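Labels run A, B, C and D following the written order; every chain starts at residue 1.
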Amino acid sequence: MIYQGKQKIWADYQKEIPDDRWYYVRSCIRQNFFPGAEKMFMEICRNVLKKDFYESASHTTCGGIAYHCDTIPQETVMTIVARQFALMTEAGYENYVASCITSFGNYIEILETWNEFPELEAKIREMLWKACRREFNKPKYVAHASDLIYKYRNLIAERAKYRLINKNTGEPLKVVEHIGCHYSKMFPSKGVGGAEYPYVLCGMVEAWGGNVIDYPERRHCCGYGFRQYHIKANRGYSISNTHKKFESMEPYHPDMIITNCPGCPYFMDRWQYAIAEMEGKTYGENGYGIPVFTYEEVAGLVLGYDPWDLGLQLHQVAVEPLLDKMGIEYDPKRKYEGLNHKDLLKPELPGVLRCC
Amino acid sequence: MIGMIFILSYCLVALVRIIMQLPGNDRKKFFISLVTPKTMAKNIRDIFCDCLFHVKLWKRNKLLGYMHSSIAFGWFMLIVVGHIEVLLYTPHRAKLLYFPIFFRYFVAETEETMRGAFFFFLMDFFLLMVLSGIFLAMFKRIQSGVFGMRRTTNPSFLDLIGLYSLWAIFPLRLLAEGFTADISGGSFLTKSLNYVLHSFLSDHANMLPAWWAYSCALGIFLIVLPFTRYMHIPAEILLIPLRNAGIKIRNARKGLAKAEVYACPSCGLCIDACPMGVMKTHIKDTTVYLNRQIRRNNERRIEEISDKCLLCGKCTAICPVGVEGDKLRIAQRSLRKYAINQDYSGIDTDQLHVKGEKVMYFAGCMTALTPAISKAMESLLRKAGVSYSFMDRDGGICCGRPMLMAGRFDQARQMVEKNTEIIKASGADTLLLSCPICYRIFREKYRLEGIRIIHHTEYIAELIRQGRLSMDKGYTKYVFHDPCELGRGCGVYEEPREVLSYAGELVEATKNRKESICCGGSLGSLTLGFDKRKSMTENALANLTEASPDVIATACPLCRSTFVRYADRPVEDIAEIIDRNCI
Amino acid sequence: MIDFGFKISPSSAINMDNADLSLYEKVREIEPDISKCIACGSCSATCPAGRFSGMSVRKCILDLQRGKKNEVKKMLSCCMLCGKCTMVCPRGINTRHLILSICKLYKED
Amino acid sequence: MKENILIIGGGIAGLEAAAQLFRLGYNPIIVEKEDHLGGHVAGWNRLFPDMSPAEDLVARLTEAAGEANIFLNTRIAFVNKLKDSYNIMLTNGISVITRILLFATGFSLFDASKKEEYGYGVYDKVMTNRDLENWFNTGQDERIPEEGPRAMGFVHCVGSRDEKAKNPQCSKVCCITAVKQAIEMKQKFPDAMVYCFYMDLRMFGKKYEDFYISAQRDYGVRFIRGRVSEVSENIEGNLVVKAEDTLSGKPIKVTLDLLVLMSGIVCNQEICKSAAQLSLPMDSDGFLKSRDNVADIIESPKEGIFYAGACTGPKTVPETLAEARSAALEIHNYIISSRK
């Protein structure tokens, strides 16, 4: 691998991301899967970096899942998105940041479509007016939340308490980065680093001391694929794709996986359990899995937040081996203690995949 | 002596083995045929004609015929007359086989008596005849062209020993008898030689070595005979009654096949006949070499030779002893083991059924690629007012002949059964075919009782004769190429010519009818690649165009498409020509 | 082991790294013409057996080149050896010999 | 005084035209931006279809054009249009006044690194057709091990017939070049497995089809109909190449230790500037626009400006040479008729 060659490509795909004043929209599903992630994003942006991030309780889904599942027509999804933009306009913001990759892709796709077909935009404005008497300005800039963490990666590194370095060996951790498909595969120029070698997560990993692994199936989908998972008959196809990725990364012995999409960490995390049950195979060391994180969780860990406050106890694959490697202190007893200090009860442990 | 006893016992054992190897019913058939007066007479006639007089060879080339019959008949007569002599002079010794041969050595006789002189003359006459044959044989070794043979067989080592000992026998006999002539008597040849010899060698002591040399040469010849091509002498005598009994090759190596292989005299006539012969590299793939390799059990070469052949059947047609080169090869092919064995039971013939008119036209696979033929045929049938059904207008099941030629009898049989079903269900009483390849298997392997199987050339001839088609004779010069499967395969030679003569002037190719040269496109060859066939096609074309015809006519879709590729003038099927010249 | 009601399905992709080309190589030794195929499809289009089955010489050659032997067997069991494919092949491939050679060399796994 | 004719480009088209014009009694002046003559062909090793050395051709052409004025390492600085001629200032300070300009500016090889998914410049074992020719010439390239590759591939149509690469045109010569190079690699390393990934094989030229058959039959080159979708590097540093085997209708994957990208022919971007100064139009395929693409391919729409070779589109070597000769003749006719 010629690193300079990649750098040359990265240089071609850089974005001028505004520094401040963002209107933030959450993902539909992330709070259920990784409840600490979005909380940590706001925590870092607002409290650590003191930036202006606004969010509104009245925003809804962007319609992306339904759109990609072919259950609603394009006009519907566009009207939903128009309403989101109206909320942003009403709040007085011009920069729009989405937590969800599908949303990000959805917004970009819709804005590009409106550029190509202005009559469609006019039609949507009319529909939005008829539906809820709202008007909107198109955002000046649409970013994905990982773009911002990427932008702030060096600021975070400056404040870091831990680095992505194996404390025992002093070697950088081997990190698999996985980019959500809708981040830049549809519009390469809209993603940091482009579509072939996206840099957004690489940049974070590098800034925080880790080593990115470039394995053959790096580009491959996590396996979610909307319809492929939602319909049970297709689920074998979904897990086959995840399996393919793990088989491909296995020889590199990665320490962790970092992702920037709502679905990817979920499927790469949970399917490791299902694969273990189906094939009796695990991919981490000593019968554990490879822990999968969102970039916010990794930023939180690096900044020294308590793993259990980051919601890492909701991961299927045990994170403890990684915490140990990084030298992060944690209290195993607190793992299943709720915020109200009540015992959440330890879940039943799976048969094949080793968990703590 | 030893040689004679050896060869007789060997032949006897071989005879019994071959007969035992025949399948039960064939064996019965054979024995019955032996005692049936008609076949018996035919057997005897054939043995005399073929083995002694070599009638077939006489027809081919007078010198070649004379050479063979002089040796065979002369020797035979020497033996017969010798025996008569012995019988007359020393009847008590007639049981000793060797006695007649060395009669002159044992018995001193006088030519003074009329009887003696007569026998002496006969013996000398036949000896001279044999000697002239031997002389011709020697000459043939050097100049085979004179005998109408461009190329001859490359003899093996043992063949050479046999050859030289055969050559040696009769000159030595002459020498020996020459020495003894003054004691035992002789006639014009031996006596005069005796005088010549005595003029410088008067010692009778030379007598003994000469007789010894003669007996040695004869002994060697007889001992090596079973291992050389001269085995054909006894084997042919067996082959003739077997063939006359109507027995067919049923096993690649046993029974009739074995008899044929041993009956091959290695004469090499098949080398010139073989259409592959245009390329020197193929000379060793001719029937004579196949027979030699089968005798040696060289499996690799047997496979190579038998797979390469175009199965045009020309070697069979011209073989003086009747070795069936094509059938022998198909039999060898049938020995191959395949891991994938085709099975057509899945084909539903119901979807292929044709509503039956009385005449059913089956164009065949090859005709599907030469639609001009089927179009012309349909047009002719319409013009003649024949109502017909087209069995494979939308494609059908292959007739099975190509599969049969590959030696896969079981697969071919399956196709035959499927097509039989369709034809029988149609209610047709005439099956009209355009492709000689199909025609042959339909005639030979299909059991379609009550249904007339006819090739379109025959059918067209019939229609014209009946006046259902009227022709406008033009001035175009046609040459007819006899397709292998139609001519040699089915014996149809006259009808195509008759039909063509209605359309224009007919000229003949240099080699025609049963000696017609395969177009080179034959499905018979399994291994010959496309690039290797070009020179064969060109050679066949050269043969056809010697009389400068305007159009090359043929009656086979495969010949037609093969010739079209390289021909310098139009190539057409007879059906097309007739359709065009039909009023 | 738990039955989830779905399974990891095997990849449908052709992996040339572990494709078993031994049969192809053997056939190529006997009939080098096999490598001349340009996948024009004339053979399949003209094939009378193709009407009753999935027979296609083109696909047979391709499957051998990709190490897929089972499909080949299925197709070849319907061949009638009529020779039309040989006649139409623009590359002059001796398809009949090719077919017979494969039939001879084919070994069940 | 002999008439000056300025030839822009010292590749094979420029050299051939110069030689012909000199023989017709003119004074051809070649301006070449590189330090050597022969252009792309000078960097090539052997030429299809007869495998003749490119070196010999360039030497022959250079010798034939030896009498012409040749300025190496020189470009056109600017052009002044005079009444019926041009005053051309060269970067070496010389100015030329001529009535006639011949564009023999050739082409640029598509920058393969633009096809990011193939990893040229990113993966260690990916090279271009030009790199491979250079290795044939010099024997020096780290990407090719001494014992040769175990398995290698050629990717046809890299930057050709590709809207995304902004070049929808066929580059014409890559198919046959790939087949030629595949054969050459097989000659050097008979045990190597060689794959060609193609969309179509356009074997239009003299004896090209023979090359193709020979590659298949004699050298066992494996042709896979399907465009490579992506390339990745595995842990051993070898390349995992993915494509669709469109003939089987299935994705195909193969691990290779060398991948050669057949970079296509695109218009020489540098000449666009000179062309713009002379307000020469560009055709829709991105190459210089001829007066007529059928009858007058070597004439520009402007008086006194002529084209030869790949500046008007992808061309083979013999086509280029033929155009150079006909351009010389056309110029000769133009001068004669203007004298009347």
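Methods note: a residue touches a chain if its C-beta (ideal position, glycine included) is under 8 Å from a C-beta of that chain, and two chains touch if they have at least 3 such contacts.
Keep in mind that what you see is a predicted model, and the values were worked out from it rather than measured.
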Any chain that touches chain C and chain A: D
Distance between the centres, which are taken as Cα means, of chain D and chain A, whole angstrom: 46
Whole-Å separation of chain centres (CA-atom averages), chain A against chain B: 86
Gap in Å, rounded to a whole number, between the CA centres of chain D and chain B: 65
Between chain D and chain C, distance of the C-alpha-averaged centres to the nearest whole Å: 39
In chain D, residues with contacts to at least two other chains: none
Sites on chain B at which at least two other chains make contact: none
Contact pairs between chains, per stated definition: A-C, A-D, B-C, C-D
List of chain A residues in touch with chain D within their complex: 1-2, 5-6, 8-9, 194-197, 214-219, 251-252
Partner chain A, residues of chain C touching it in the complex: 1-2, 4-11
Chain C partner contacts - residues on chain B that touch it in the complex: 307, 336-344, 346-348, 365-366, 368-369, 395-398, 400, 402-403, 406, 408, 411, 415, 521, 523, 526-531, 558, 561
Interfacial residue positions of chain C with respect to chain D in the complex: 12-17, 28, 32-33, 35-39, 58, 62-63, 65-66, 91
Chain C to chain B touching residues, read off their complex: 33, 46, 48-49, 51-53, 73, 76-84, 86-89, 92-94, 96-97, 100, 102-108
